[in-house]
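Order of writing sets the chain letters: A, B, C, D, E and F. Residues in each chain are counted from 1.
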Amino acid sequence: MHTIDELIQLALKEDIGPGDITTDNLVEPGTHGRGIIIAKEELIIAGLQVAEKVFSQLEPQIKFRAFYTDGDRVSVGSTVIRIEGMLSTLLKGERTALNFLQRLSGIATLTRAYVEEVAGKSVTLVDTRKTTPGWRVLEKYAVRKGGAHNHRMGLYDGVLIKDNHIAVAGGITSAVKRTRQAVSHLVKVEVEASTLKEVNEALSAGADIIMLDNMNIEQIRQAVSVIDKRALVEVSGGVTREKLKNLAQTGVDLISIGALTHSAVAVDLSMRIEPM
Amino acid sequence: MHTIDELIQLALKEDIGPGDITTDNLVEPGTHGRGIIIAKEELIIAGLQVAEKVFSQLEPQIKFRAFYTDGDRVSVGSTVIRIEGMLSTLLKGERTALNFLQRLSGIATLTRAYVEEVAGKSVTLVDTRKTTPGWRVLEKYAVRKGGAHNHRMGLYDGVLIKDNHIAVAGGITSAVKRTRQAVSHLVKVEVEASTLKEVNEALSAGADIIMLDNMNIEQIRQAVSVIDKRALVEVSGGVTREKLKNLAQTGVDLISIGALTHSAVAVDLSMRIEPM
Amino acid sequence: MHTIDELIQLALKEDIGPGDITTDNLVEPGTHGRGIIIAKEELIIAGLQVAEKVFSQLEPQIKFRAFYTDGDRVSVGSTVIRIEGMLSTLLKGERTALNFLQRLSGIATLTRAYVEEVAGKSVTLVDTRKTTPGWRVLEKYAVRKGGAHNHRMGLYDGVLIKDNHIAVAGGITSAVKRTRQAVSHLVKVEVEASTLKEVNEALSAGADIIMLDNMNIEQIRQAVSVIDKRALVEVSGGVTREKLKNLAQTGVDLISIGALTHSAVAVDLSMRIEPM
Amino acid sequence: MHTIDELIQLALKEDIGPGDITTDNLVEPGTHGRGIIIAKEELIIAGLQVAEKVFSQLEPQIKFRAFYTDGDRVSVGSTVIRIEGMLSTLLKGERTALNFLQRLSGIATLTRAYVEEVAGKSVTLVDTRKTTPGWRVLEKYAVRKGGAHNHRMGLYDGVLIKDNHIAVAGGITSAVKRTRQAVSHLVKVEVEASTLKEVNEALSAGADIIMLDNMNIEQIRQAVSVIDKRALVEVSGGVTREKLKNLAQTGVDLISIGALTHSAVAVDLSMRIEPM
Amino acid sequence: MHTIDELIQLALKEDIGPGDITTDNLVEPGTHGRGIIIAKEELIIAGLQVAEKVFSQLEPQIKFRAFYTDGDRVSVGSTVIRIEGMLSTLLKGERTALNFLQRLSGIATLTRAYVEEVAGKSVTLVDTRKTTPGWRVLEKYAVRKGGAHNHRMGLYDGVLIKDNHIAVAGGITSAVKRTRQAVSHLVKVEVEASTLKEVNEALSAGADIIMLDNMNIEQIRQAVSVIDKRALVEVSGGVTREKLKNLAQTGVDLISIGALTHSAVAVDLSMRIEPM
Amino acid sequence: MHTIDELIQLALKEDIGPGDITTDNLVEPGTHGRGIIIAKEELIIAGLQVAEKVFSQLEPQIKFRAFYTDGDRVSVGSTVIRIEGMLSTLLKGERTALNFLQRLSGIATLTRAYVEEVAGKSVTLVDTRKTTPGWRVLEKYAVRKGGAHNHRMGLYDGVLIKDNHIAVAGGITSAVKRTRQAVSHLVKVEVEASTLKEVNEALSAGADIIMLDNMNIEQIRQAVSVIDKRALVEVSGGVTREKLKNLAQTGVDLISIGALTHSAVAVDLSMRIEPM
C-alpha cells in the first residue's frame, strides 16, 4: 500500500498546506468530535481503507468504523462510516477523504452497472490503462470491487503487442517469438489484430491472447470461430454500455472498457460533523 | 510546478514500473519515431505543458510542438501536438500523456459549457475543493482555462467559516473576529449562512464574503437585497447546469460548482505513432 | 505539520548521519535517562512541539513534559521541559532539539520586545518573507507566539504588486484589475507605493491594502490622511525598534518588520542529562 | 551537494507553493529581465553557488555571473551578482536567493570579525554543532569562508566524550579505550574535562584532544602547561568576542565558538530587477 | 530506470555525505582528468549504463565512452571504459561506479558459466527473488546479460502458489481457481508440487507451470513424463553447477537457480585516473 | 537508522509493488500465522534488527523474537527467530527479510573466518569502501559483528591521500599540510605509500597513518621498521586469507580487506510459515 500512502500524503499536503487557517484559529485544541459519512444516492462503496488512512495519517489514534465492506451496495441515506477523534482532524480530513471515496465509489458504481448488463453471460469485463495518473492501483481496485476484472497493471506485467511493435519487429511472428523469449515464463503474450489475416498470424505465432481492435460484430464472430479456443479473445475499442450485450453474445472471452475509469464521475457522499 | 513534477513521476512509475516489457524487447535502441495527438471530438484543450513534461521526463531532448494554446477550442480531427524522439519514448509515454490531457481537457471543456450558459451575465463561476486528490493545482488550472475562476486553493489560503466552526466559536460574530485577528491581513473572511438571520449576523460581523448555502431562488434574492453590496455574495450547493441561468439572475456575485471537477469525464484524444 | 516533519528528519540526518559514534559505543542499550531543559536567560518560549517531535522521531514512546506553553515568558533558571526515555535518545536528540528551541524562542523573544514597544497602540506588527529558507512556517509561528501577526505565507496566498509588476503590467490600475480578476475572491490585493501619486492611483484602482515603501514619517502621515480608511495602510522598509513608536503614531494599520526573523539570535537554553 | 539541493527545493516550495499569484498573472510569459544583487553594507560574501542554484532550479538556462568569490570582502554599494533570464524567474527566486545569501554572508562576516580578533595568534577558531537545523553543511561552509575552521560535522565523524558518557562508561579511561577500539582508526578521540584531575586522566587514557569546559583563564593556563603538547587543547563554553584575546594567549590550540552560527544575523543585500 | 536512479543517489550520498574531504581540499576546482576502467580478470561485463549514470549524476556534461556492450566477454587487461571530466568527479565517483560494475559483472560472469554448462540443451535457466534488497531490477538485468532468463520480478507480476497458500486455500484446485479468477488474464499461474500426487492435482486444476520442489532426478523424470507438455515444468531448490547437466537431461523446461544472484562475488575491475 | 529504513522501503516496494497477487487472493484477511527462521548451515548471525524492521514496516504490531544476538555463532538447524502476526505479512516479508539476513550474516561469517586466522596477533583487520551500493552502513555493521573493524565510512569522515591527490597537490608534504589545515581537528590523515621513499616523506609530513600499497612482505617489514611506531601502519591490496598470517607477523597495525564485503556470499537460512 506504499504508493497509496504517498498519494494520500500528497493530497493532504495540497489541501492543508501550511495549515487550516479557519479551523486552527477557531477550534480549541483538545475538542473532540464525531463525523458521519452518509450516502446521498444509491451507490457501490469503494475506498473505505483509503478514507481511514486519510484520517489516521492526521491522527493515528482516531476511531474509524465502517458499516459496509468495499463492493457493497449502499442505499440512499444510509450511514457508511462513523469517525470519532479530534474535531480539528475531522474538519481537516473531511474533503480529502470524501474526494477519495466519491471517485472510487463512482468507479465501482459505474462498473457494477456494466457488469449487470452482461449478467449470466460467460464474458469477462476488464479495465484498461486509461486511469487517472497517480491512481492506477486504486482505480483498478475499485473496478474489482465493482465486479469487473483487471487487465495488466502497467507496461511491466504483461506483453501487449500493438501495430507499432509489429511494424518495427518485422511482423507478428517475429514479435511474439522475441518477446516470449525475453520475458518471464509467467507472463502471457497478447497480440492486437484488426483483420482476420492478422488473427491467423497471431494464432500461428502462438499468442496466448488475441485482442480484436475496433472490429464490428460480424468480424468479431468470425474471429471467434477461427480462433476456436486456441487463444483467449479480447474485444477492445469504443465499447459502450449499449453495445455490451451484443458483444457478449459473440462468444469473446474478454471485453475491455476504458469508460470504467475514464468516464466515471463522483457519487454523492457527505459528511456531518459535530463537536462531542 | 514542483508538485506537478512529483505527480508525473508517480504516474510514470506506476505505468512503466521496472520496464515496458513489450517495447524494451521489440524496439531497437536508437530507433526514432514521430507521434501525432489528435482530437477525436470537439474540445477545449488543457494540459499541454504537462503532456510535454511527461515525454521530457523520459527523454529530455525530445521535440514537442503544440499547435494550440491551453484554453483553445479544438475541432474534431485536428492535430493538437506533434512529438519527435525515440520511438520507445513515444510508446512508453503515450498513455500517461493522454491520460493527463484527456482529464484536464475534459474539465476545461465542461467548464466552458457552464461558462457559456451565463455568458453576458456579471456573475463569476468558481470551482470548489472537490478535486481529484493529488491533482488540485492541475484541475484548478484547467478550470481557469475553461473560463471559470478559482475558489481558494486549500484550507490554507482563505478563511471559510462553516456551521461547525460557528458552533464551536460561539457564534458568527466571535468566529469572524477571531479569525480576522489571527490570519494575514491579505486574506479575506467568508461565512456560510443558511438563513437571513445568519446573513445579517455575518454582515454585522464584517464578513468579506457571504456564502448562501442551499437556499432557494427566492431566499437568495432576499439575501442579495439585504446584503446590498456590503459583501460579496456566493451561492453554493447542488448547482446544476439547468439552474445556472436562474441563479445568475438573482444578482449574486459568485456561483461555486463542484461538478466542474468532480463530474468531468475524459474527452477523446488519441495518439498515432510511427517509426521514422 | 508535514513539512516540519521533513525539516526535523533532515536535521536529525545531518547530525546523526550513519550513527553517533560516541554514544553508540559507550551507552549500554536499554539504559534509561532523564533530561531537563533549562532557561539560561529570560525568554519567550516557542517550539515546544517541535522539540517533542525531535525526540519522538528517535523514540516514539518517549515521555515529554513541558511546564510552559508556547508564548509564555520564562524566567532565568526555570525548568522548561522534562524528558524521560533511553539515555541514548536524549544524547542524540539534545543538540537538534535545542537548536530548534533556541532559534524559535529567539524569534518569539525579539518579537515580544518589538510588540511591547507599541503596547496600547492600535497598530499591528507583521513579519515578512525574510525567513530562514526551509523554516518559513516555523518562524511565522514563532512570530505569532511573540505577539505579532503574519504577513502572507508566500507568493501563493496574497497578491503584492511591486514596482516591477507595475512596470510590466502598464500601470497600477491595470495591475490591480488583472490580478483581481485572476485570483480567488478570498485573496486581497496589496499595492506598493512610494509616492503620494502612486497612493492615489492604488486607491482608485481599488487596492485593499497600500504598502508605503521607505517613506519618511511626514510622507506616511500624509498618505494615511489621503487614504482615509478606504484601504489598509502598511509601512515597510528599514523599520528599527527605535523608529517604532513614531511610526505607530502616524495612524498606519500595519508595520512589517524583517528583523523579527532575519535578525533574531538564539536564546540560551541548556539540557542537563543523567542516567536513571 | 545533494542535501543542499533538498533544502533549496524545500525553500522554493514553501515560498512559491502552488504558484506566485502576483507574477503569474502580471508578467507575460517570455518576458526577459535582469537582476543585480547589491551589498547594502560592508560584508564577507558567502553562498554564491547556493544563490545560483536557487535560480537555476527555477530555470536551468539562466545566466548567473558573480563578481566576487565566497570569502571576499565586499564594500557597500558593490554589485555582487548579475542574473539574466525570465523576468518571472527573477521575481520568484529573489527572496529565497537573498535569504540564503544574507544568512550565509552574515555568518561569514561575523566569523571574520572573530578571526581578526586573534590575528597573528597561533590559535585556531572552530565552530560548534549549534547550527540552524537543516543548514549544518552550509553554515559550516560559511564559517570556513569567514576564516575559521570546523569542529566535527555531526555525531558521526568524531568522538567527543562528555560527562554523561564518562558516567555511564565508568570513567574516562574506560570510555576512551572503548571508543578507540570501536571506531575507525581515522577518527580522533576528544574528551571533555572540567578539572585538572580529569585533564590528567584524559591524558593518561590517551585522548587525542582535551576540551576544557567552562574553565577560567587561570585554570586553562594550568591545563595547557600540564598537557604540554601531548594532546591538542580546546577551550569551549561561553566564548565572547571580548574574552577572545585573553583566551588566545593561554596557549590553547583551539577555541570553539557557538556564536559564529547561533548568533549571526542577516547582512543587508538587495536585488534590483528590471525587464529587458 | 527511476528506481535505479534512486539507488545511485543513495549510493553517492552514503559515500560522499557532506563532502569528499580529501579531494575537496586538494584538487583545484577546474582541473580536468581522464579515467580508464580496466578488467583485471576475464569477465562478462554488465552495468555500463549504471556506471555512466554514477558519473553523470555528479557532472552532467561528463564524457563517458564504453568499448564493450553489456553481455560481452572482456579479456584480462582490456580497457572497458574511458571517462573524461573534472578530476574531482572521477575521484568522487570512482568507488561507487566500480562497486556497481564489479557486482553486476560478477553476476553476469557467474550466470554465463552456468549457462555454458547446459549449452545445446533445450532447458532455460532462470533466476529467483533471492536478490540483494534494493537491487532487484539491476541484478535481474545482469542475469539476462549473462544469458539466463528471469523468473517473476516480484510478488506482483506472477502467481506462484506454495504449500502455505495451498493449505489456507483448501487445496490446489481451489487455489488455482481463485487466483485465476482474480488476476489479470495476462498473468500465468504456477504451482509448487513436491509429490507426483500434487503434480497431478496441479495439472487437473489447470496450472500453467508446475514447479517441482526439491525432487530427486528420478522423481523429476517421472513428473516430466506425467505432465507430458500440458504445462511448463520448472525445477527449483538447491541447484548446483554440478547437478545442472543431469537436471537438464530430465526434459524439464526451466531450472531456477538462486546462486546466480545470492552467491555471485565481485569481479576485479580497477580504475586508473590521471590529471589532464 | 534512517537510511536503512529507506533501503528497507525500497526493497519492499521492489518485491511487493502494487500487491502480492498470490497471497492477496488466497489468504483470508485476519488469518494469523507463525514463522520460524532456521539456520541451514553454521553461521555468524547479523541483521536481526533489519529483519524485524522488514516485518514491522508491513505490520507495526507484529511479534518478533530473536533467540540470538548479532555476532553470535549459530549451529545448523537452530531456530534463530520466531515471528507471529498476520499470515499475509509473513508471506510478503519472508523473502526480503531473508535476503537481508542471508547477505549480512554471510559477511559476518566470512569476516569471522578471517579474524580467526589472525587470532592472538595484535593486528587489526578492517574493511574497505568496496561495499554494495546502498548498503554501506549495514555491511560495515556486519563486519563489526564478524569481529573486524571499520575503515572510514565514506569520503567524508577520514582523509586518505592517494597517488592522484599527491600528484595534483605537488607532493606528499604539501598534501598532508593542506588537508590537515582544512579538516576538523578530529579527523586523522592517512597517506598511501608504495615505496620506502614515500613512506619517509609521509612520516616527515606528519601523517597519522601510512597505508602500504601492494608491497611484498619484505618491503612491508622494512617499512614497519622505518616507521617505528611514529604512525599507524596499514597494509592494503589483494589481501587473501592465505597471506593473512604472514602479513600479521610483519608487525603492521592494520590490514584492510575488500573481500570481507565484495566477496561474501549469502549463507543459508530458511523460513517455515504456518497458519495459526
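A few remarks follow.
Keep this in mind: a residue touches a chain if its C-beta (ideal position, glycine included) is under 8 Å from a C-beta of that chain, and two chains touch if they have at least 3 such contacts.
Since the model is a prediction, treat every value here as computed from it, not as a measurement.
Matching A-C against the pairs in A-F, C-D or A-B identifies A-F as its interface repeat (over half of contact pairs the same by residue number). Using the mean of the Cα atoms as each chain's centre, the chain most removed from chain D is A.
One finds 52 Å separating the Cα centroids of chain A and chain D. Centres computed as Cα averages put chain B at a distance of 45 Å from chain D. For chain E, the set of residues touching two or more other chains reads 3, 13-14, 16-19, 136-137, 153, 156-160, 182-183, 187. By the touch criterion stated above, chain F contacts chain A in their complex at residues 9, 12-13, 16, 18-19. Residue ranges of chain C in contact with chain D, taken from their complex: 3, 6-8, 10-11, 13-28, 31, 33, 87, 91-92, 95-96, 98-100, 102-103, 129-137, 153-162, 164-165, 167-169, 175, 178-179, 182-183, 187, 258, 262-266, 273-275. Listing the residues of chain D that touch chain E in their complex gives 2-3, 136-137, 153. Those residues of chain E whose C-beta lies close enough to touch chain A in the complex are 124, 126, 144, 149-153, 156-160, 181-188, 190, 208-209, 232, 234, 253-254.
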